Structures are given as structure tokens and as C-alpha cells.
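In the two complexes below, chain A is the common chain; its partner is chain B in one and chain C in the other.
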Partner chain A sequence: MNLKEWIFTTDHKRVGVLYLIGSIAAFAVAGIMALLMRAELSTIGPTITANPTQYNVWLYTHGAVMILGFQIPALTGFFANFCIPLMIGAKDVAFPRVNALSVWLFYVGVILALLTFFIPDPPDVMWTGYPPYSTITTGNTAMYSFTVLILGFASIIGGVNFLTTVAYMRAPGLTLNKLNIFVWCTLAAFVLQLIFVPVLGTAVSLISMDKYLGTNFFDPTKGGDVLTYQNLFWFYSHPAVYVIFLPFIGVVYEIIAAHAKNMVFNYKMVVYGGVGGIVLLAGEVWVHHLYVSGMADWLRIGQMVTTLMISIPVGLMMIGLIGTLYKGSIAFTTPMLYALGVVFLFLIGGLTGIPLAVPSLTIGVSDTYYVVGHFHYVMAVAGTFAIFGGVYHWFPKMTGRMYNEFWGKLGFWITFVGVNIVFWIMMDVGVKGMPRRYYDYAHFPQFEGAHQWMTVGAAILAVGFTIAILNWILGAINGKPSGDNPWGSPSLEWSTVSPPPHGNWPSPPSVAEDWHPYGFKKG
Partner chain B sequence: MAHDAHHAEGHAHAHWDTSIYPFIISFGILALAVAFSFKFVYHNGFAAILSLGIGVPLIIAGIAGWTSEAMGKGEGLSYGAMGWFILAEAMIFVSFFVSYWYTKLHVDVWPPAGNIELPRIMPLVMTFILVASSLTIHYAEHLLHLGNKGAFRTWYLLTIVLGACFLGMSVYEWSHLIHEGFTIGTNAFSTVFFSVTGLHGSHVVVGLAIFLAGLPSVLRGDIDEGFMRTAGLYWHFVDIIWFFVVSQVYYW
Partner chain C sequence: MKGKRMHETIRRAAAGLTALILTVPAWAAGGDKAAPATPDPARDWDHLWNEVILDITIIGILFAIVTAWFIWQARRRPGNEVGASVPLSPASAVGWVVIPIFVFLSIDLYTAANGWVLWNTFRDVPANRMEVKLEAGMYSWDYTYPNGVRTQNELVVPAGTPVVLRMTSRDTLHSHYIPDFRVKEDSMPGRITYLWFNPTKPGEHIVTCAEYCGVMHGYMAGRIIVKAPDEYAAWMKGEEIRLAAANAPEPAPAATKPTKPAKSAAKKT
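What follows is the complex of A and B.
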């Protein structure tokens, strides 16, 4: 193996693998941060650190790295890079060098985020960076701003690249209604990235400008306004949920269709109603993050309506998944287990989100563990399960080898038990009044038992994820040869050899009139 | 499927395309971010200069190498891609303008204390120059399309000169205002004024940098039309944004 051909590669599959390695490393680091926080919270009073700022730094790293360093790069970096050109029958992306630039900018962003552990006064602004705290803290807010800016720029050029690729480089005969659901979902996520990431970039630039260059965007004594930041930040960060949701549900569609050997149910409704509806509504719901920040009542009602409305396209996508299972010949392989896990976890996360959309209900649980439990179910855990399932699903395509099915399933079940312990209890103590972000909970001694259960659950799920990651590493080294198309899928990425060579196909593929990525032969 | 994938096996050991320049540029950008922290957070001027001294040459070398490696090998897709990129760029300006309007319409007293009278004539002249440069680059593209390379070169250079004039006038105006005591920290309006005009100015710089990156090919006469169209599109975008900047921060 030629190391230079990996580091300086411009091939979309290798860039994708670089994204995967980086994001899994980021996942491990951010996961250790979560374990440290859980260890600290396992007893009242100082447990492993007596310094609350240290806890803040863990919280910052966990949130920022999980979202910006793991989920978004794994979904819009790894899966998009590896799968989209193969799914549309292209030899590579439109701009291979830009692609290499985006993966190395991603690494640079992650390096900046990890410098947190080595610099004096590390950033302690959580992943949100709200002023006025972020502009007066002694922590290094500039590091936070630059991490977000660089990762944001990487995702913008990635988005430009893939939108151009799918627009111009599809195989002859591959019409829009024959695109994989994953391709549709990821394109929609990229459109959202292009529209909303610049707003986040602006927001985080403004706090550093206020702090270091003496501007007055958020200084009320000079005519500025603090709430501007919250609006700009959530104008991106709510759509960011869909930037994560769309590709991960796309991955789940691919897994469920392939392992249930069934045509996607209601394809056009899923694409135009589900994906299209989410894109249309994504930018009109952010104010529900500001319900308790102070705003006009009429605005609260309007945002409640739009927030509840977006559950309609999301619901359409869930119906599509269930419908695809119906009358399919379901094989309970490891990827399928993860996909079904996503359906279950996302359902819990989705239903517990409805009360949060309603101002009268949300005020009672705002800033409690209920919110934390909800978003971990709906986005963090569901998204991570989809990523793990997707890596298992395309593992034979990437490596030409098979992972170990027994350890795969075992890892799934351990993780599944772990997440439900942690996050179900989290929602429960939240409703009973446990506030989030606290370093200590001496005022709430009644929750100590629950906190200890959550710590145990976190340890269990860490074991499960570790088994999965080890399974990939060992499978890539000495797994059994998988053959080119172990799942028997007609989707275009399985029509070339595994792993595909540079250029993907010896001659550009074209698709027949009656071909469809989900056209499984009925046996 | 019309083809047989197994024919690919013979190609499995074919070479894989590489390019070193994206890697170089990325780490140049890392050095810039580190330099900012050294200067403004840790107040270590020497370390900041050192990081800049590493970062800036890396980025310039990366861009130069990239341009010479890729020029003429494009597949004509950059024009469509630039459209998407401009969407993202436009959103940066949208967020600045919206937060400006939000603040302006939200607070009790506007303008805040410490404002001065902004010049009225200078921005009109600057508008005229920028619009002129948009027209010259459009005409240059037209000449290139007709194959008139000599005249194309003249109009291309004229565009660069006009862009540089615009930048020079911006710098003159900034220094004039700062001299009068109107700085970025004076109040919320001065903050908006300097950051929005500065943001636009940085886009002028990027536009000029694109033109300069293409200059060696223009002088050699092997510039490709796709590059010209894409660079021109970006320049028109910079021009159009200026109308918003000038109308919002100078005259409203």
C-alpha cells in the first residue's frame, strides 16, 4: 500500500475513507468526554474533578466534536463521498481536488478542536457559544470560532461539489426518479448546508470580532443586541438537525430496501413530499429554540405551527420505511438490526419532541434533562446507529471483505440496551426537574440513584460501540472475501467490483429503461 | 445492467490520482487560525508572525500549484458550481444585513451615540467604478469568445485596474473615517459599517485574486473560456452585492 496515494488522494472513495477514519476518531474522543462527564455526575459533589470549568470544557468538546467532527462529516463526508458517485454511475466527483481540500480542512478543524486539550485557557463555551458569556470568558473563544469556520467552509465546498456532480455526471438513462433515496436526501442536506452554514459562520465570527477586535454586535451599551446571536445561531443549528437527519434516514432507506429486498414504498411521496417538505420547512422553525429567551407571543404561536408542521414530511419518511418492510423478505443482518434500531429510537425521539414544540408545555421542561434525552434519541443516537449500520452495509463494498456477523449483532444489542438506559432515565429525571449543564446537583439529591444508572448505561453503550469499531478493523484486515454484491442489491454501487478501482467502472455504465435501484427480483 | 463489471479487475493496480496542493492549503489555513489565537488571545506577537510566515506562503504556493496543475483540464462544470457557491456567499451578506435590520429596528434609539456624517460623493464614484469593471469583464469574455485574444487581454487588465482602484478608494475612505475618530468600536452602527464594507472588500480581494491567478495563462494566451466565465460570474456577484452595501450602510 502506497501511503502517498492515500494522503494526497483525490479519489472520492479514498477521500471518503479518510473522512470515515477522521470522524470515527472524533467520535471516540467525544465519546470519552461523555464518559468523563458521566463519571463526574455519578456522585454528588466533586467526583473526578473539583474544577467546574474542566467539566465545561468536556461539555464543549463533547457537543462540538460529536456534531461538527463526527455526525456531519460521517454523513455528508464519508457516505456522500463513498456512495454518491457510485450510485449515479460517475467515475468520480466533479472537482476531485476540491474534494481533497474539503477532507483536509475537516482534519484541520478536528485538530483545532482537539488542541483544546493542550492550550492554556481552552474554550468553554459549549457548542453554542452564546454571548455575553463567550465574549467575556477567559477561555479561548477564537479557537471555537475558527473550528466552526473551517469545518463550515469544508462542508460548503463539499456541498458545491456534490450538487454539481449529481447535476451533470449521472450515468446515461439515470433520470431523477431513479436516484437512490440516499442521493436525494444527501443533496437536500447539501442545499441546506449551502443556505444555512454561512449564517453560522457569520454568527461565530461576530462573537470573536466582539471579543477580540472591539466590535459591538452584542454589546447593548453600544446599541448591539444579544438575541441577534441566538437567532443567527439557531437559524443554522436547527436546519443542522435536518442536515444530519436527511442523510441518516437515507442510509436507513438503503439498508432496509436491500435487506428486506423490497421496492421503497411510495418512492415519489418520500422524495417530493418528505425530502422536499423538509427542505421547504427547515428554515422556518428555528425560533422554537428561543421560546424562553423572550419574544412576541404571536411569534411563538407561528413557530409552534411550523414546528408541528414539519413532523408531516418527517412522518411521510417514516411511513416509507415501515412500508418498505411490509411484505419484504427481511434478513436480520447486522445493518438491518441497526436500521430497525433507528426506526425505534427515532420514533421515541420524535414523539417526545412534540411537547417541546408547544410553548405552554416546553416552558416547564426547558433547560432540563428532558431536552437532552429528547435530542439524544432523535438525533444523536438515531444518527449514530444509522452511521454504524451504514458502515456495516457498505463494509463489503469498501473492503471486499465481510465483517463478523456474530460480533456485529452482539455489539448492536449491547449498545441498544445502553442507550435506552441512559436516555430514557434522562428524560424521566428531566420531567421531574433535573436541570441540564450542571456540574453538580447538590440541590437535587433525589436524582443521585438515577445518575448512577445513567453512568452504568453510558459504560454499557461504550462497550457496544467499541465492539463494533473493533469488528470493522479486524474485518478489514482478515475478514472473509465478500464477493462483489453480497446483499444482491440492484443499486448501481453494487454493480462494480468490491472494492472498486480508480475510476469505478472500466467503461462508463448506463442503465436500462426498466432498471430501478430498488427493483429487486421477486423470488 | 448493460456492462460487465468484472472487466475492471485488469485495472485494479492502475495508478490513483493525487494532488499535494489541497493538503498544503489546508495546513496553511490551520497556521492562520493559530496565528489569530497567538495574536489576540495569548498576545504573543512573535509566535503570531511566525505562524503567519508559515501559513501565508503555504496558501500562496498551494493556490499557484493548484492553478497551474488544473488550468485547461476543467470539464466545464465550474460555472454551475460557482452558482451554488454564490448562494452560500450571498447568505453571509444576508445574515449581516438581517442582523443589522433586526438591531436597527429593535432598539429604542437609532442611530446610537457617536455617529458622524458619512461622505456622500465618494460611494457614488466607487459604485461607478465597480459597475464599469463588471461591464469591462463582460466585454472581455465576449472578445475571448470571438477569439480576439489581444483585445481580450487589454480589457482583462483594465478590469483588474478598476478593481484595484475600487480597493484603493475603500482604503482611503476607511483611513479618513478612522482619522476622524469613527472606528469599528465606536458604536453598533460603526461596527456594521466597517464589517459590511470590509466583508465586501474582502470579496473584491478574492475576485482580484482569481483574476491574478488566471493572469499567467492570460498572458500566455492559453486561458480557458470556462475559467473566464466562472471568474466573471463571481465578479458580477461582487458588483451586485455592492448595491446592497451602498444603499444600506451609506444612504439608509
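What follows is the complex of A and C.
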């Protein structure tokens, strides 16, 4: 293997693998931050650090890196790069060099985020960066702004690239209604990125201008307004949840269809009702992050209705998933376990989100551990399980080798148990009043036992994730040869050799009239 | 088999719609009716919260059981090497979109209607309220009573009188969160926000900051002390005398530290 070849690669599969390596590294770092926080919170008062700023830096890094350095790049970087050209029968993406630029920009962004640990005044502004704190802190808010801008830019040029690729480079005969669900989901996510990332870029640029250049966009004493930032921030960051949700549910569709060997239930409902509905609603619900921020009452009530209506497209997508399981032929492989895990975690996460759509109920639990538990179930853990399941699913295609099934399943079960210990208890103490972002909970001594259970759960889930990552590394080095199509899937990416050569196909593919990515046949 | 499932879906949709139709007039009527007693938002919150949690628990368990049963039924075994679903007819494909939309929409609107009623309870401040100004800062809650008495991190209120806090901040964002009263609202520089609560009986309630405000965010706490009305009156009398003494023109030393009397008073309670 030639290092220079990898650095200067424009092959979409290698770019994808580079995204995967970077995002898993980011995941490991941000995961260690979570473990440090859990260790700190295991007792009342200082436990492993006596410095609250240290804790806040872990908290900032955990949130910002998990979202911007792990989930979004793994889903819209790795999976999109690796799978989309293969799924549509293309030789590569439309702009391979731009693609290489986007992955290296992503690395610059991740390195900026990790420099947090080496600069004298690390950013401590949480991943939200709300002013006035972010403009008066001694922490380095510019690091935060530039990390967001660079990762956002990488994501935008990726979006342009993939929309063009799917529009112009599909194999002959591959009509829009024969695209994989994952392709639809990812395209929708890129549309959201293209619309909303510029808003986030504006918001984080303005706080740095306020802090370093003396402007007053968010300073009320000089005519600015504090709430404007929160609106701009969530105007992007709620759609960002769907930028994560859509590709991860797309991955889950691919896994469930392939391992149940079953047609996706009501394909057009999933694509036009589910994916389309989410794109339509994504931009009209951001105020549910501002239910206790002092927004106008009518806006809070109005977005309560739109937020509740998100249940319609999401519900249609869940019906599609469960309908795909119905009358299937389910093999309980490791990727399938992760996918089924997502179904159950997302069910818990989605339902616990219903009270949070209602401003009057949110008044009681906003900014508590209930919210933290909810969004970990619905997005953080469900998304991570989908990413892990997806890596297992396409592992044979990436490497031409098989991972170890026993360790894969063991890793899944350990993680699944750990996740439920941590986040179920977290929601429970949240309802009882435990606020989030606390370095110390001296005035809530009654929660110490629960905090200790959460710390135990975090340690358990760390063991599970570590087993999975080691399983991939060992499988890539000396796994058994997998063959080209171990899951027996008709989806196009499985029709080429594993791993696919540069250019993907020995001869350009075309699809027959009666072909469908989910048309599973006997034998 | 599928016909039966379809039938079940229709039945559930009808039940949901009926619930909605029954609720809307009740909710509309509720808005007009003058409340005889001071509402208790915390009690209403518990009521709606428990109802919603019960609903989502039932939905969740049903969904989980159905899914688990599908998974078990569809496990791969001899004779079941490939999935057996067939393409839907156009009519059932559309039905599987339209009917769920009505089911979900009816649940959504039912929840929204209930949530709106409770929202009005939380936002419509009763006429017999006591107004207290709150300035939040890194890291304290500074209260000012209508008569000018000031306290820090401790708000003493009479039982049975609704209290509204008119809030602002002198530095970063803060959020005045009283878990026992199920209420919080952010305070920020440049704007006045408000929240109100109804302390029904004497007791102590913790106040904690629920919006990240700085390094010591986790330590920003205070107390709300609810006293019986006569005890409250006695306490307020003492505070007024102290305030008058502090504001008296002659003895200059006390006037230089206006917050001190409030602080020492707080310690005594």
C-alpha cells in the first residue's frame, strides 16, 4: 500500500475510506471526552479535575466533534462517497478532485477541533456557542468559528458534487424510482446542507466578528440582539439533525432490506412521503429549541404544530422499515442486529420527543438530562448504531474480507446494554430536575447514585464500541475472503468485485427493465 | 391477514379523530371560562405530562411487540430463504400513506390542543399576582420586591399568592429553573422575559440555572422560601425597616453597601 497514492487519491472509494478513518478517530476522541465527563460526574464535587473549565472543554469537544467531526462526515462523507457511485452504477463522482479537496478540508477541520487540547485558552462555548458568553469568554471562540466554517465548506462542496453525480451519472436504465433509499436520503440531506449551512456560517462568523472586531450584532447595549444568534444557529442546527437522520435511516433501510432479503415496503411512500416530507418540514421547526428562550408566544405555539407534524414523515419511514421486516427472511447478522437496534432505540427516542414538541411540557424539562437522554437515543446513539451497522454491512465490499461474526455480535449486545443503562437513567433524572452542562451537582445530592449507574453504563458501552472497531481493524488485515456478494443482494454495489477496482466496473453496467435494488430472488 | 391489519388501522384512525373532535370544543370552551381559583400550572403540568408519558408508553409497547413479532415470524429458516412480500396494489399503496397521515395528524393535533391549553396557563399571569424583578448575573439571582426590598439567591414569598418574575440579565444567558414548579425561562441582557408560579403551601424549593452561563454554571443556585402569609408579612416588615434604615439620609456608612442588609436578612431566615 502506497501512502502517496492515498494522499493524492481522487478515487471516491478511497476518499470515502479516508473519511471513515478520520471520523472514527474523531469518534474515539469525542468518546473519550464522554468517558472523562462521566468519570468526573461519578461523585459530587471534584472527582478527576478540580477545574470546571476543563470539564467544559470536554463537554464542548464531545458535542462539537461527535456531530461535526463524526456523524455528519461518516454519513455524508464516508457512506455517500463509498456507496452512491456504486449504487448508481457510476465510475466515480462528477468532480473527483473537488471530492479530494472536501476530504482534506474535513481533516483540517478535525485537526482544528483537536487543537483545542493544545492551545492555551481552549474554546468552552458548548457546541452551540451562544452569545453573550461566547463573546466575553477568555476561551478561543475563533477556533470554534473556523472549525465550523471549514467543516461546513467541506460539506457544501460535497453536496454539489453528489447532486451532480446522481443527476448525470446514473447507469442506463436506472430511473429515479429505482434509486436505493439510501441515495434518496443522502441527496435530501445534501439539499438541506446546501440550503442551511450558509446560515450557520453566518452565525458563527458574526460571533467572532463581535468578539474580535468590535461589531455589535448580538450586544443589546449597542443595538444588537442576543436571541438573533439562537435563531440563526438553530435555523441550521435543527435541519442538521435531519442531515444526520436521513442518511442513517437510509443505511438502516439498506441493511434491513438486504438481511431480510425483502422488498422495501411501499417504496414511493418512503421516498416521497418520508424523505420528501422531512425536507419540506425541516426548516419550519427550529423554534422548538427556543421554547424557553423568550421567543414570541405565537411563534412557539405555531412551531409546536409543525414540530408535532414531523411525526408524519418519520412515522411513514418507520412503517416502511417495519413493513420491510414483515414476511422477510431475516438473518441475524451483525449489521442486522445494529439495524434492528436502531429501530428500537429510535422508537424510544422518537416517542420521548413528543413531549418536547409541546412548549408547555418543555418548560418543565428543557435543558435537563431528559433532553440529553432523548437526543442521544433519537440521533446520537441511533445514528452511531446505524453507522456501525453500515460499516459492517459494506465491510466485505470495502475490503473483500469478512469481519468476525462472533465478536461483532458480542460488541453489539454489550453496546446495546450500556446505551440503555446510560440514557434511560439520564431521562429519568432529567424529569426529576437534573440540569445539563453541570460540572458539579452539589445541590442535587439525591442524583449521585443515578450518576454512578450512568458512569458504569458509559464504561460498558465503550467496551462494546472498542470491540467493534478492533473487529474491523483485524478483519481488514486478516479476515476470511468474503466473495463479491455475501448478502445475496441485487443492489448494484454488490454486482462488482470486492473490493471494486479504480473505475468500479470491469465493463460499464446497465440495468434491465425488471431490475430493482430490492428485487430479491430465490437461490 | 392484511385486510385485518388495514381494518385495525382504520379503527385506530377513527378513534383518534373522534378524540380530536371531542377535544377541540372542550379546549375552546376552556379558554372562555373564567377560572374560579388561581390555576396551579405545576399540577396541570404533572397531569398532562403523565398523560403524554402514558400514551407514548402504550404506543411504544404496541409498536415494539408488533415489530418483535414480525422479526420472529420472519426469521430465516428452511423454506423461508427469501422474503415473500409482494408489490402493493396502487390503492393500498396510497392507503398506507393517507391513513397513517390521518392517524398521526389526529394524535398531533390532540396533543397540540392540550399543550396549548397548558401553555395559556403558564403564560396568562393571574391578576392577584405579586410582581418581583429578577436580575440574573454570573453567578447570582438578585430579586427586587415592588417596595424596593432586595434579596440575593433567596426569594421569600407568601403561600397562596401567585408570583411573577420579570427577568433580565446583566451579563450572559441564564435560565431561572424551579424544578418543583416545573417552570423555567431564559433571562438575557436587553430583554425582559417572565415566568410565574403558584406557591400553594409553605416550604422550600431549589432554584437552579438551566442555561449555560459560564464556568461556574453548575453552582448557580438559590432557594424559594414559601412562608405562611402572616409569617411572610412579619418577615417583610423587618425587611422594610432595614431598607428604610439603609436609605435614611444621615448614616452614610450603611448606604454605601445597599445589598448588605438583604444579604444578612437572607442568612437569618
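Note that in this section the second predicted complex is superposed on the first by the 521 of 523 C-alpha atoms of A that agree within 3 Å, B and C clash if a C-alpha of one lies under 4 Å from a C-alpha of the other, contacts with A are read in each partner's own complex, and residues count from 1 in each chain.
Simple rule for what comes next: a residue touches a chain if its C-beta (ideal position, glycine included) is under 8 Å from a C-beta of that chain, and two chains touch if they have at least 3 such contacts.
None of these values were measured; they are calculated from a predicted model.
When both complexes are superposed on chain A, chain B and chain C end up sitting side by side without clashing.
Of the two partner chains, chain B is the only one touched by A:8; chain C is not. Contacts of A:156 after superposition: chain B is touched, whereas chain C is not reached.
Of the two partner chains placed by superposition, chain B and chain C are both touched by A:225. Of the two partner chains, chain C is the only one touched by A:53; chain B is not. Measuring from the middle, so to speak, at the Cα centre of chain A, the directions to chain B and chain C differ by 100 degrees in steps of 10.
Of the two partner chains placed by the overlay, only chain C lies in contact with A:364; chain B stays clear of it.
When the two complexes are overlaid on their common chain A, residue A:301 makes contact with chain C while staying clear of chain B. By the touch criterion defined above, A:507 lies against chain B but remains apart from chain C after alignment on the C-alpha atoms of chain A.
In the superposition on chain A, contact is made by A:214 with chain B only, not with chain C. By the touch criterion defined above, A:21 lies against neither chain B nor chain C after alignment on the C-alpha atoms of chain A.
Of all Cα pairs linking chain B with chain C in the superposition, the shortest spans 10 Å. Overlap of the chain B and chain C interfaces on chain A comprises residues 224-225. Residue ranges of chain A in contact with chain B, taken from their complex: 2, 4-5, 7-11, 14, 94-98, 100-101, 104-105, 107-108, 111-112, 119-121, 140, 142-143, 146, 150, 156-157, 159-161, 163-164, 167-168, 194-199, 201-203, 206, 209, 212-217, 219, 222-225, 228, 231-232, 235, 484, 495-497, 500-503, 505-507, 509-512, 515. The touching residues of chain A, counted against chain C in their complex, run 52-53, 56, 124, 126, 128, 130, 132-133, 136-137, 220-221, 224-227, 260-263, 265-266, 268-269, 273, 292-294, 297, 300-301, 304-305, 308-309, 311-312, 315-316, 318-319, 322-332, 340, 343-344, 347-348, 351-352, 354-355, 357-361, 363-364, 366-368, 431-433, 435-444, 520-523. Chain B makes touch with chain A in their complex at residues 1-3, 5-12, 14-23, 25-27, 29-30, 33, 36-37, 40-42, 66, 69-70, 75, 77-78, 80-81, 84-85, 87-89, 91-92, 94-96, 99, 102-103, 106-107, 109-112, 183-191, 194-195.
Those residues of chain C that touch chain A in the shared complex are 45, 48-49, 52-53, 56, 59-60, 63-64, 66-67, 70-71, 73-76, 80-85, 87-88, 93, 96-97, 100-101, 104-105, 107-109, 111-112, 114-116, 118-119, 121-123, 171-173, 175, 177, 179-180, 182-191, 193, 206, 208-219, 221.
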